[in-house]
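Take this structure first; my questions come after.
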Amino acid sequence: MFNKRTDLALEARELWQETAERTTRLSGVKATKTKREGYPVTRVDILDERGEQALGKPQGSYLTIDLTTFWQRKADFFERAVRAVGSHLKELVPAEGPALVIGLGNAAMTPDAVGPLTAESVLVTRHLISAMPKHFAGFRPVSVFRTGVLGTTGVESAEAVRGLVAEIHPALVIAVDALASRRVGRVCATVQLSDTGIIPGSGVGNHRSALNAETLGVPVFAVGIPTVVDAATLAADLLEEAGVEDISEEKLRSAEASMMVTPRDIDAQVRDLSKVVGYGINWALQDLEIDEMNALLS
Amino acid sequence: MFNKRTDLALEARELWQETAERTTRLSGVKATKTKREGYPVTRVDILDERGEQALGKPQGSYLTIDLTTFWQRKADFFERAVRAVGSHLKELVPAEGPALVIGLGNAAMTPDAVGPLTAESVLVTRHLISAMPKHFAGFRPVSVFRTGVLGTTGVESAEAVRGLVAEIHPALVIAVDALASRRVGRVCATVQLSDTGIIPGSGVGNHRSALNAETLGVPVFAVGIPTVVDAATLAADLLEEAGVEDISEEKLRSAEASMMVTPRDIDAQVRDLSKVVGYGINWALQDLEIDEMNALLS
Amino acid sequence: MFNKRTDLALEARELWQETAERTTRLSGVKATKTKREGYPVTRVDILDERGEQALGKPQGSYLTIDLTTFWQRKADFFERAVRAVGSHLKELVPAEGPALVIGLGNAAMTPDAVGPLTAESVLVTRHLISAMPKHFAGFRPVSVFRTGVLGTTGVESAEAVRGLVAEIHPALVIAVDALASRRVGRVCATVQLSDTGIIPGSGVGNHRSALNAETLGVPVFAVGIPTVVDAATLAADLLEEAGVEDISEEKLRSAEASMMVTPRDIDAQVRDLSKVVGYGINWALQDLEIDEMNALLS
Amino acid sequence: MFNKRTDLALEARELWQETAERTTRLSGVKATKTKREGYPVTRVDILDERGEQALGKPQGSYLTIDLTTFWQRKADFFERAVRAVGSHLKELVPAEGPALVIGLGNAAMTPDAVGPLTAESVLVTRHLISAMPKHFAGFRPVSVFRTGVLGTTGVESAEAVRGLVAEIHPALVIAVDALASRRVGRVCATVQLSDTGIIPGSGVGNHRSALNAETLGVPVFAVGIPTVVDAATLAADLLEEAGVEDISEEKLRSAEASMMVTPRDIDAQVRDLSKVVGYGINWALQDLEIDEMNALLS
């Protein structure tokens, strides 16, 4: 069977359901749909080990906010998207204590630049509170770390983050990364939040490389933006839809081995959505209006 | 019938041949295969109006150099690729007179940045020869123009180039642009040279916008690098291969309207191949070894 | 005598006045001081040939707007600075007809990047009006040209601009460039407007290289921002102030030949002031509020 | 008395000697001059507490390599400069064990970008040796960390480095930073090596912020490139030279408070010299020829 690639819990659940053999109910997984600020939100809770095995992801909550209409640019779209992402994240994270925001990924590769770009829009306050405690009394301490990539640092992201966490003792970590989706329509149009941590660079089963409560000793929240579709996965979906069975993984992979599908204007879309996420993080962590964020970040 | 998109004459010919109805010979088109520096080269000559209509491209010669093995990085691969591109271009262009190199496309959008990136590696000599004629006696005058994109200039590339050509009177123009291919395997792995000029931004039938001998009054040579596959074209090819007929253009286009397929490491590939093309242009225009280009461009 | 360098008419007048020999009145030059939006404005009018010779600049009006307090960042400072620059420029330029904005200088050298950076904030409308005349009926056609620098183009800025003007026929040209001041206090803190055109790269007496009504056939307005002080000029001023006479030009120049004095945070200051100038140009040319410019440029 | 600013031990010694009151010998400091690869090298050893107090720097060795002639670009200048820097650094650092290279400073501010730019030219090998120990048997493990700046991280460079050192246990640290010189002639023309560690951002007496053997638990070597002259220091030097006494610090500082003197082409000079330093570090740490570094870094 062709192994379709996705980093979204929502899609992992869809894939489970699509498989012809599934006549039984998917137990250990609960899914609910709501709306916020006009944007549809799907919540997938993986409740136990059966759920973990079925979806291939750790227990916890995964929220997917569908910002597709973001790109239709109605009035207030930016503010509404920030509130939708920010208010959900606020419900997940502890209400107090210093936060460390991690920008994962490669600033020099557009589809992988979500983490470093988001970092540009996060209000960095830890040093200000430390230097001028009275002046910044109303702020929560936030620091930011851009891990870079292994090829230019020689250090695993998880190693570098562990060292920093041990030194500055945040109460929580928020890790931001680019994801792969299965559906073209979700690329640069959805945001996934989870309370389960993250395995940088599309989980390769290396437990030491995970950023989660177990490895860091503090709760780790993940914010992911799908920026690509694996070309072979897209091809397999198309062929299935057209009634073709017997899809050879080997053949599809050989042809499109290292290919991805992205929007033509991915540079602009990644930049815009990263700003939504950065402001959403500020919304979750600080008690500020968007105008105030604009003023502080300019 | 689904309308597959390609900017390569080689692929336009393939598409013609694949069409079921073609029982007749393709007249007005000649194709030949050779090798240079170990790289396969396909030459498609469009000889008359029948050829023009069949392939949807103007009369002239189109050479496609297959650098796939470039990425296997054997010894001397860069030098060999430069010589393969440069020596073919040298055979096309007039042996004397000042040259103007045009970098078309958007430096801020990676798959469209081939033109501006190539411009970085072209030896600019016109001002040096003018200021120090004796010192630079051995060089051919070369100037470079980056057109930028309509959204940030308000001026069509063709208008700006016409104005410049009328002012500085080059003997020939070489225009460099990104192309769309139909095959994943050709993306960032082939270079197309032609003596027919170019219509910037994938020919929209706007005659005024063409850069060619007719609109500029001097011979115009085009150097194109495919950097993307139209996602809908890729999908249609896959479905056909799998035996699916009756492919609905509407459906494919709606889903992947603005999607493209690119290599995951497109930033690096576009940068490396643009350097090959820039050096290849130097090879065609100047009497220099690659080491000498390195020294002059550092 | 040491030859002090400045591109500001205001300072050329100061230098004339400081020279010990001047016992006579400076005839052919008129200077007046006003305020706008709280910012001091000095207007120097060079009225005839005597004025031209005394100040070494062509006849015409030169306005210097002192934005020093810009950096004190009072409420509305950005809006006030835009209005101060924009409303003065609006009084200089013709009320109708298409405009071409020229960004002179080197985007890769911070103190010389004022032109290209300003270009980023200019509303480009010519292509929109042409494509959708009804939709953009209220806008004035504006196009933008970044000349780049001789070393990377091989073409003099003036040649390239002449070619473009002949092709697209603007009613006026606004050229933006970095200037040298004599006073540290004016660096990144003042804007000079003039109706006399400009000689790119600090006037070298090459008449063909001038951008003015004579060479382009349309009125040319210059907007300049001082970003550096010539280090030798600063030194000479300091020594004079300290009572040292007999300053050897040779000695000062040998030491600091290619040195300049700039603010430590020049990257940020140049970026911020270029945005003021870009928006000021929009203010002068379009009938828009600053909020509307923000929306159109985002 | 005016307080002249310098980060070079060489200049701290000059300043001590110039002071009129010094009739005694400077004890606790030893200076020697040699040449390497044709470049003059000055070594200042601070031997004890008297030396520390006189020069305001910690005990240890400081080597200043004068690359002025680097810019004359004789044959092999790059190779010779790399060997001059690299061979001296090799003599300072331990012969074995993993190294961590720290790029201090702000990549977005040219005169402060020496650290991050150097990091681009350092061979990063730690992850390769770990993944393919046999293939990379001949290499020394090297990792690289770019600290960023406080305003965008919220974390002191020293905190972040301490955390990383505790996690990955290097045998030595090499920290690269931009310096301030007192002499225009030394800017972008000299390299200072020392075995004393470094206080990021021009020593403010904050002991916790130092990167040295005491705070990190491993030997710390510093590589510094002067990229600016403090404008007030330059002015004071000029006035003294001209015989002016009684220089008011207040007055000079008020005028040029935040001004610096740099070369006009600082972007290019900082880039070129950072590459020399990066390759010099490779020379000191790896057993490679420059050609091999080129191949591995391309």
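Observations on the structure shown:
By letter and in written order, the chains are A, B, C and D; residue numbering begins at 1 in each of them.
Keep in mind that, in the parts below, a contact is a pair of C-beta atoms (placed from the backbone, for glycine too) under 8 Å apart; a residue touches a chain by one contact, two chains touch by 3 or more.
Quick caveat, the model's predicted, so the values are computed rather than measured.
Judged by shared residue numbers over all numbers used at their interface, chain A and chain D contact each other through mostly the same positions, with over half in common. Averaged Cα coordinates give chain A a centre that lies 39 Å from the centre of chain D.
Centre to centre, using the average C-alpha position, chain B and chain D are separated by 46 Å. Put simply, the C-alpha centre of chain C and that of chain D have 38 angstrom between them. Two chains count as a pair here when they touch; such pairs are A-B, A-D, B-C, C-D.
By the touch criterion given at the top, residues 119-120, 124-128, 141-146, 148, 150-156, 159-160, 162-168 of chain B touch chain C in their complex. Residues 108-111, 184-185, 187, 228-229, 231, 234-235, 238-239, 242-244, 255-256, 258-267 of chain C are the ones that touch chain D when the two sit in their complex.
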